[in-house]
Amino acid sequence: MNFFNIINQLAEVDPDVMGRLDTRRSVFNSLTSMSKRAAMAAGPALLASFFTKAYAGTTAGDPKEVFNYALTLEYLEADFYNKMIASPYFSTASAAAQAAIRQISKHETAHVNLLKAVVTGIGGTPTPAVTFKSATFASLTSFAAQLQVAQLLEDTGVRAYKGRAGDLLGLADVTITGIGTINPLQSALQIHSVEARHAAHIRYMRNQTPWITGTGDLDSQPHYTGAIPESNTTQSNVNLIAANSITPNTTYSAADAAASFDEILTPAEVTDNSRAGGLIGA
Amino acid sequence: MSDNLQPRGSDDATFAQPLYTPIKRRSFFMYAGATAGASALVLAGCSKDSDPVKPNLPTGNSTTADGSISLGSGDVGVLNYAYALEQLEADFYSKVAALSNGASLLGATEFAYFQQVAKHEAIHRDFFKAALTRDAAGQVLRNLTPKYPAGTFDSKTTILATAKAFEDLGVAAYNGAGKLIKTPAYLVIAGQIVSVEARHAAYIRDLITPGSFAADDQVAAASGLDMAMTPKEVLNTAQNFITEKLSGDSIGVNA
Amino acid sequence: MSEHSFSPAWRAQPLGRRGFLRVSAASAATVALVAATGCDTSTPEPVLPDPNLITLPAGDNGLLYSLYLLALAKATLYQKIYETPPTDLTTAERAIFSDLRDHEVAYRELLHLILDPNYLDPTKAAQLFPTDFAFKLTSFTLTTRAGVLVAAQQLEDLAAATYPVMVPLLTSSNPYQRVLLLKAASVQARHAAVVRDLLAPGSFANDDVVNAAGQLKPKTPVEVNTALAPFFAPYVISVANLPVPVL
Amino acid sequence: MKLMSILDHVASAPAAAAPRRALFQQLGRAAVAALPLGLGAALPAAAETKDTSLDALTQLLLLERLVSAFYTRALANTSLIPAAQVPDFQRILRHQTQHVALFTQALQDSGAIMPAMPTFDFSGQRNVPGNPVLFPNVLTAYDDFLALAQQLEDLSARLYRSQVFNISYDPKLYKAALSIVAVEAEHSAHVRTLRRNRGVAVKSWPSATDAAIARPAAAQVLATAATGGEDNLAQEQQAGVLVPFASLLSVLRLTFVSDPSVAEAFDEPVSTAVAQAALSLFY
């Protein structure tokens, strides 16, 4: 059995595969050790690196951890927009641009409050707040420069939520004081689509396509690359651009195929210094 | 293997095949889903296949007692549900993209963007068809016949209003259907698509009212949550635009 | 029939063909008697000699139903013209009819919402009329410009003339409803004028419709109903309970 | 306005006037509505507006006198209005004259002091030759005449809608005023149709898509009074509760109506103060 090859192929569609294999959910309790043993036997080097990434200090698959992960990102975004609004460059923006940033900021703050309540509601302890690194922010010396970072943050946020949805599958509804009964997965999805709306608007403000075609001015940044880059044109082993692949007599362009599916980022990728990780700090 | 990790309607026979069969020749969602796929690989020899679909749950594309077309049950139901919505969206945008006066009606840049959106939706539609054909052969929803109120394609106002309505509905539909999915891979796919739908929605909203990309009528101000709707709510509405009568009563329901 | 019959609880019940609003003159009296002697939630369904009789309620709701029927009639007519305009209707005239359709749909939906505050909640919404209740266009000639204008003028003159009569009959302590209807009232008159001018240039506000005091000749709810009745067949609408203008 | 004098007059009114005394039932709680700063200074002393029944009748009489004078002078210039449209404006004038008679009678019956007939000046110079001309050519050029006619008719329909509830104490007047709302609206629609037929982008109902009528800044209050706020989408069905048009008239319910059309479906009122400011441009 070529387990190495299987894992490799799995990783193409889901780079977080090893993280998923180690979830706490009961169905995998026995699987974990088995797969680890099997995997180690098959390709120790690759898997070691996989595990290192996938387990970056947390217990993957725990909904408390997932929501704290989301909370960290929302803290970062919320602080970034607060800094943006407080910045001397804010007044240089048009009224419409200011209104848009305020609306987005309002949502990020709402997400922080919601996620804190959710983490508490499911028996966890909200992760401490993080802030956007002041020195980095200080280097953004125009509204336009800040907006670039806003785009990167939003597009990364979209990818990050997408990468964790699977970890929330099957969770029961929870009742949270002051909020009511929510389904954890559904709430995460509802935040996720708001982040996508934000991303689209900021891209639009920057005269970029609202969706990611690969031709944007920032599309080569690490935020759009990763194990599965946004330029990916194969979904679940289906090649979207090969002639007659999904539609007789129709061939879709790589740009259209890439733009029609957003891609995931793993927690390790998101928290990497090249992406959100490098922006967190005092 | 746990019952709730296997896509309903997948080709169970593949479990019995040798493990060295290349993934691409297998039922791809079992592997794409990583957990389901990997556990199936590892545990193939020590777990029982799940029970067959209970006969009282409708299969995809079957005709119900009242003459409706069933979207099917379990994950197949969710996929057919998404496929139905993508058929509608793709049809709508293909008609917009084909307008001979599109550039003058919508503006050249906007028309070009609409043509991109038309491609995105066509890809979504065709992707679902390909996925369903491979994973749930025999249960693939038939080609639907969309219908629109008179005048839908006559003015910028009605085109934009219809696009906004469809995109916001699509986002709410995916957001509400996520929790009905049993297979992680399907959920990831849905997540990959819904954010693109949300991008479309934001763009079209901005065309109608600048700055309304995530306005309070769509994103709750207090919680910052986008809309989510149940399949029943969505289909009640979508039915207005689809000639065939659809039944989504068993979407996400497993035996 | 008392206004009580329009309580949400009553309306929320499933409505068969024999259910809603259809009360004969005799049974109306029965219901009134029941109501007067301590009507509770278990009002028995009366015997229905005429299953097609629809009795509008008393009070403000009756007036609002009457205005709703006018809006329904006009929206139905204009939707049809919008969808299949006569070939001799010019582009500019089609644009006018498109506006007329928009306005009337807005009135119809607004009045529906006023009559049923749960209208937008599919799980709670009531049914105002039987499902096959409709404004029938068969007696109009909608294949020619002249035909659609004649039909439109008939309805618009009716609406313009009855809004000024209906508004002061409303007794609700909610002034916003009256203001809203008044805002619609003058648009009804604008509709009438534009349709009249299209049919016969300069026939706006002529002596057919304006009296010697420079006021629009009024039409009472009964007159409106008499004019509309043939178009709602086989249903028969009774406005016997509606308030009657005193002056 | 000399309230004490009016009250004195009422007290000594002949018995025949008694039925109309109700007109003054609201005088006791009459409040002088403060005019916006800066606007008041530009108005004649008599232009203070109050929302009482007496003030309503007085203001409506002023409006009808003004519009009657406008059409009388326009028809007197036989080269202004094309022959085919002369009967239209004769009919409109006849209606306005009938309305003048109605309010004159109502005020006389109630024993109120009849306001003096102002000397109207449709140039906007307000009878002072040195003042700038705000409305050039309105009695010599047909298109300019129509533009002003449209604004005055729009204002008329609006002012009646605003004042009608102030006279609802008298059922007969109340009903008359409601009927007149409709007649003024028909006039307005007709004038708008005439302009549209002459190539002006204007609908028969006030619309956000109507071409604006260019006026000097000093005359802007007329546009505000005639059509300001006609793009309003916020209609209250109860105090603080807006009609949810966005969900009521949606694509998904097959009831879609665009925002401009929704706004068109509801004519808006005008505040009596703004109306007065506009009327005051003409005397």
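Which chain is which? They are A, B, C and D, in the order written, and residues in each are numbered from 1.
Everything below uses one rule, namely that contacts are C-beta pairs under 8 Å (C-beta built on N, C-alpha and C of every residue); 3 or more make two chains touch, one makes a residue touch a chain.
The model shown is predicted, which means the values in this text are computed figures rather than measured ones.
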Subject >> Where chain A and chain D overlap in contact partners, by chain label >> reply: B
Subject >> Winner on C-beta contact pairs when B-D is weighed against A-B >> reply: A-B
Original post:
If you average the CA atoms of chain B and of chain D, how many Å lie between those two points?
Top reply: 56
**OP:** Give, as an integer number of Å, the spacing between the C-alpha centres of chain B and chain A.
**Re:** 21
**OP:** Return the distance between the CA-based centres of chain C and chain D, expressed in whole Å.
**Re:** 29
Original post:
CA centre of chain B versus CA centre of chain C: separation in Å?
Top reply: 41
Original post:
Which residue numbers or ranges of chain D touch two or more of the other chains?
Top reply: 258
Original post:
So that we know how the chains sit together, what is the shape of their touch graph: line, ring, star, complete or other?
Top reply: other
Subject >> Footprint of chain D on chain B - complex, ascending >> reply: 149, 157-158, 161-162, 164-166, 169, 217, 237, 240
Subject >> In the complex with chain C, residue positions of chain B that touch it >> reply: 150-151, 233, 236
**OP:** State the interface residues of chain C toward chain D in the complex, per the touch definition above.
**Re:** 96, 99, 102-103, 105-107, 109-110, 113-114, 119-120, 160-161, 163-165, 167-168, 174-180, 182-194, 197, 201-202, 204-206, 210, 212-216, 218, 245-247
Subject >> Residues on chain D engaged by chain B in the complex (per definition of touch) >> reply: 246, 250-254, 256, 258
Original post:
Can you name the residues of chain B that touch chain A in the complex?
Top reply: 2, 4-5, 19-20, 23-24, 28-29, 31-35, 37-39, 41-43, 113, 116, 119-124, 126-127, 129-131, 171, 174-176, 178-179, 181-182, 184-185, 187-189, 191-203, 206, 210-211, 213-215, 218-228
